[in-house]
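In what comes next, chain A is part of two complexes: it sits with chain B in the first one and with chain C in the second one.
Entry: the complex of A and B
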């Protein structure tokens, strides 16, 4: 710290005007004045300097592509020829007129429901158990988090093997208890269930830890009071825990909406062609965008891909808002009934 | 200590013995056998897919067709892994190197820039700080895949970085989540008095940041670095678009594994295990930090 003071003095010595040889007093005042000015400048400019790397880099690689997607979506734009004619909303019309887009939308929703609902419920149960006075707490907490370090692509490869139609483990086990094999790849709903299982595998433990953290912030007196009033543990869970978790529930549901509706890795790797099945039975919207933009056959349609990306964004915003309203309503009903 | 606090249920003196006992049982919050059993099942379920890869990955092409599942591993794991490593079309070593470089550079960059910006937002007063922070938080909710087409046009056609790992690194150098995370942490963990003391002692702004803010930020910075590292390591969508099979990252190489060996799952799953081992090692070393990172983030987020 004192070093910097000395350096400031040094600077002021070499500053023009200070070598003029005035009285020592004046020189000292000037030194302080210069150092003061420098420091004020430092205070004013520094915050902007510190945030500028983020804003500059984000502007170039994040914000610009987002806005430019809107531009591309309004043009006839191909990977080879580049920007073509302005076509207005024709790309949107084209995408909305495609049956595959609607199938992809259906699949995306279906997979999202199959993954989000069981995941939140299971995560809540796991969190409630982890919230008790367990022995070896860290062990259990780490244990549920293991799947998080397995890459989605790896998860997809493992599960597409276990859910194999012909030689898969699941069908093998079903056969042993006398059930018919399920077309985990060939059929619509089973393929969605299999893909949702991958998502649940990777994220349930993660979300359980988020819920656990929120549960630990609930004052224990609430439970004690409820217990004295004779409330069972189940009743306590629904009347104290769930309402107190409201902000966390909203957070988890919104983030899993944003992530879940963009799902790509798992369905893309569910078979070796990556086309989402013979009749697009598990093709999602992001896969649709990928196929329009970069697919092996019929790709390179940047205008179509950009329009589909905007439509996906719209879907995410709408579903996000619906979820926000629904979660609020559910959680506040719970808290009302608890009074 | 927390145990003592939690188990202390004090029923009012007027309560009769029966309610008192019941209250104690409901509020002591001791897990019963069922709770442990449930957790054991959850953890077995979490580990099973990895064990299954191990089973299939240590067998040969016929293992899967065998209807009597052999629950003990075969002896071919090493040779299967070796075959994956030697396959030139997959380029596993190259992918491993690329993933290491990309994940390390991205984590260091995100942590540094997020700490700088987070410090400014949390502790420095400047015009426009509130709207700017609001903007950062707002962008967290915007799906990044929306910008994939222009990003491709920019990286591939303007900068000619197609197939280059720089094209993966550049868009990931900063993170809105990171800025938000460090802002939240520093606004609580770094006392204003400490900064003022340093300023009074004559430290300039960057010295204050370097000697005061950075050390205070270390725990949160380490957690952020871990999350960004794992996120980058497992990221697939954008690398899959911009990188080629000649110069992949690990997830991209894994996807090639399927198109190359799609018949022989013993090789595919041996490759899956190989690509997961580095993160499993990281998990053993830093799993505790990951757990507390998620839990801290939850309380604040």
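Entry: the complex of A and C
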């Protein structure tokens, strides 16, 4: 990049001096023309070169693995033995025929719903409180971010201890107030709730800060006008804050959808074997992929793992499309209401 | 703390690997300098008893060699790491530990491992131990570290409260017999105590199956767990009495670790490597003891090996190092530290080993007890083939669903097990 610029400078420096003789002039003209061409290329190509590092990196770390996974999914492929026979779509057929795959899909969506919905609602409430005139603002704002700083593995270790079935803290407390212990690991819904709790613990504060930033951008005049019209705080929240947050809401919902469908750390660390429970109660799709490829129960079948990975990709694309449609609906709603 | 130490270790290993690559490029082909400064890495899991002091001893003997150890938390983690990097062709440590249960899976790809046979180490190990490490072409691809001869660990305080004898010799007499006898005494115990008899149905299943030769797979490699009467009988026997006898704990779960100290059960099957785990998880508990007895004779559970992946930069130096680590002197030190019983012939009746005691287990002469249990291990080792590990996992899951989770009946869970192993065929 700098090289081409330097050459450019050099050309423009030599050009005025050489405008005397015949053949020299001709050469100079050609050199000027070349210089022009260079600078034209510079204008045309440079922007792409400037952003290319991202795309080159994406190509290496994103696109290539994606395509290569597609190739692997068509072969009988073992973790150590490597490439085997070409089997066409047999791996996909096998994965779709596995009960565990569908259980994993169910778990993924269930944990996603249990985490995303309360998370967004809680984050909105926290952001609204932080948006008020509190003392020691920065302290409170940084405070909600602390859980986000804690490593997910550490969070999982602490929570899986708290949610122990027989000797966990939470079941002990429930026992104190005379309630039956909950099978946090053995039952399907409680295990999902426990994992969702970990996810919420980590992400609620983060989302709250994003909402807070958006709330601060809302012109204060709106609130003043509303207050003069006699609107209560709650009415202001629902009629001013929420509608103004629409683009941010959409952003948070999309990012948490993608993150939620790929959830791995928390369920994997939820017990010591990391295989998702004896009846796959809390095994998510990403864990299923891991188990097939690397885990104890799968036997190192990369072909099966790759096929499952592609199926997850398809699921995310479908959910993404649904998101897109929903977003459009909200956006058009917005433009109608602003007229 | 544990995690950060591991991360540093991994970082060191990464840096070392990089350094190895760098030195590997600079060295001229053919002429290997015996005094070249090199770093050897050894990757283990749980606790092999290889302390920093022990590894430093090797550097004293070989001043040009520095040794770095990386520890994985569990054997599962080590397995995933090993298989991935063996397939990828780079990234493994110079010496890698493997566990017996997934060793056969690895043995299929023995061409990716260094042949370790040498006249120096001939006859160093128990025959069944080294036989299992010999591939189809007769190459010895791993050096044995420890074996897991099983005894019974018990809580003498709970025994006393239930009116059972507490002295370890009397307990050994009391429990001598077959599995039914062990369960019968258990029924007597639970009738007089709030505690359960044993920790986990999973470990009882391991204990039973490790006394048989053909269990989950036939010797020609077919998965037969679904049709094998030995397996279904063990399954039904265990689950018939588990509602009264089991503490309903899943092995390796948080609850299981917590129960070492809270007296939830009175006995557990105790392979040698379990001693260190009990001691580490219940340091303040008095009452743990160990008896020289095991239902239905003897049995071996687990045990590990060291391998030298062929991808390493210094296979010869690594081989020499692995041979040193698995020499009797070093394995004796490991036994004293962790209780991992050595697989070396020379140590089976060595006086230095027999005199080892453990204060935590009421000054039990664990050297003598474990040597006796090792002698009782049947000579016909259980056959563990390529699919042993995943099938065992499915079987353990089926027991967990009935006894720990209580989400399925024994019949439903068995049906689910059959489906699970079908997916592995």
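Definition applied: the second predicted complex is superposed on the first by the 263 of 339 C-alpha atoms of A that agree within 3 Å, B and C clash if a C-alpha of one lies under 4 Å from a C-alpha of the other, contacts with A are read in each partner's own complex, and residues count from 1 in each chain.
Definition applied: contacts are C-beta pairs under 8 Å (C-beta built on N, C-alpha and C of every residue); 3 or more make two chains touch, one makes a residue touch a chain.
Just so it is clear, the model here is predicted, and its values are computed rather than measured.
J.: Let me test your reading of the model: by the given contact rule, A:154 touches which partner, first (chain B), second (chain C), both or neither?
T.: The answer is both, since A:154 touches chain B and chain C.
J.: In this superposition, which partner touches a larger number of chain A residues, chain B or chain C?
T.: Counted on chain A, the partner with more touching residues turns out to be B.
J.: Tell me which partner A:62 touches in the superposition: chain B (first), chain C (second), both or neither.
T.: Once the two structures are laid over each other on A, A:62 reaches chain B alone.
J.: For A:186, is the partner it touches chain B (first), chain C (second), both, or none of the two (neither)?
T.: Second partner only, chain C.
J.: Given the touch rule stated above, what does A:177 touch, chain B (first), chain C (second), both, or neither?
T.: Touch status of A:177: no partner.
J.: State whether A:299 touches chain B only (first), chain C only (second), both chains, or neither.
T.: second
J.: Contacts for A:98 in the overlay, against chain B (first) and chain C (second): which applies, first, second, both or neither?
T.: second
J.: Can A:234 be said to touch chain B (first), chain C (second), both, or neither?
T.: After superposing on A, A:234 lies clear of both chain B and chain C.
J.: Let me test your reading of the model: by the given contact rule, A:165 touches which partner, first (chain B), second (chain C), both or neither?
T.: In the superposed model, A:165 contacts chain C only, not chain B.
J.: Tell me the contact category for A:143 with respect to chain B and chain C: first, second, both or neither.
T.: In the superposition, A:143 contacts chain B only.
J.: Can you give me the overlap between the chain B contact set and the chain C contact set on chain A?
T.: Touching chain B and chain C on chain A: residues 82, 151, 153-154, 161, 164, 167, 272, 294.
J.: Residues of chain B touching chain A in their complex?
T.: 3, 5-7, 9-12, 15, 19, 22-31, 35-36, 38-39, 42-43, 45-47, 49-50, 52-53, 56, 64-65, 67, 69, 113-114, 116-117, 119-121, 124-126, 129, 132, 136, 139, 141-154, 157, 170-171, 173-174, 176, 179, 198, 201-207, 209, 230, 233-234, 236-237, 240-241, 250-251, 254-255, 257-259, 262, 265, 268-269, 272, 275-276, 279-280, 282-283, 287-288, 290-291, 294-299, 301
J.: Which residues of chain A touch chain B in the complex?
T.: Of all residues in chain A, those touching chain B are 1-2, 4-5, 8, 39, 42-44, 46-48, 50-51, 53-55, 57-58, 61-66, 68-69, 71-72, 82, 125-126, 129-134, 138, 140-155, 157-159, 161-162, 164, 167, 169, 172, 175, 201, 205-206, 209-214, 216-217, 220, 223-224, 226-228, 230-233, 236, 248, 251, 254, 258, 261-262, 264-265, 268-269, 272, 286, 289-290, 293-294, 302, 305-306, 309-310, 312-313, 316, 320.
J.: Can you tell me which positions in chain A touch chain C when the two form their complex?
T.: 78-82, 98-100, 151, 153-154, 160-161, 164-168, 183, 185-187, 271-275, 277-279, 281, 294-300
J.: Which positions of chain C touch chain A when the two form their complex?
T.: 3, 74, 76, 79-80, 83-84, 86-87, 102, 105-106, 108-109, 112, 248-250, 252-255, 258-259, 262, 264, 387, 389-390, 393-394, 396-398, 400-401, 404-408, 416, 419-420, 423-424
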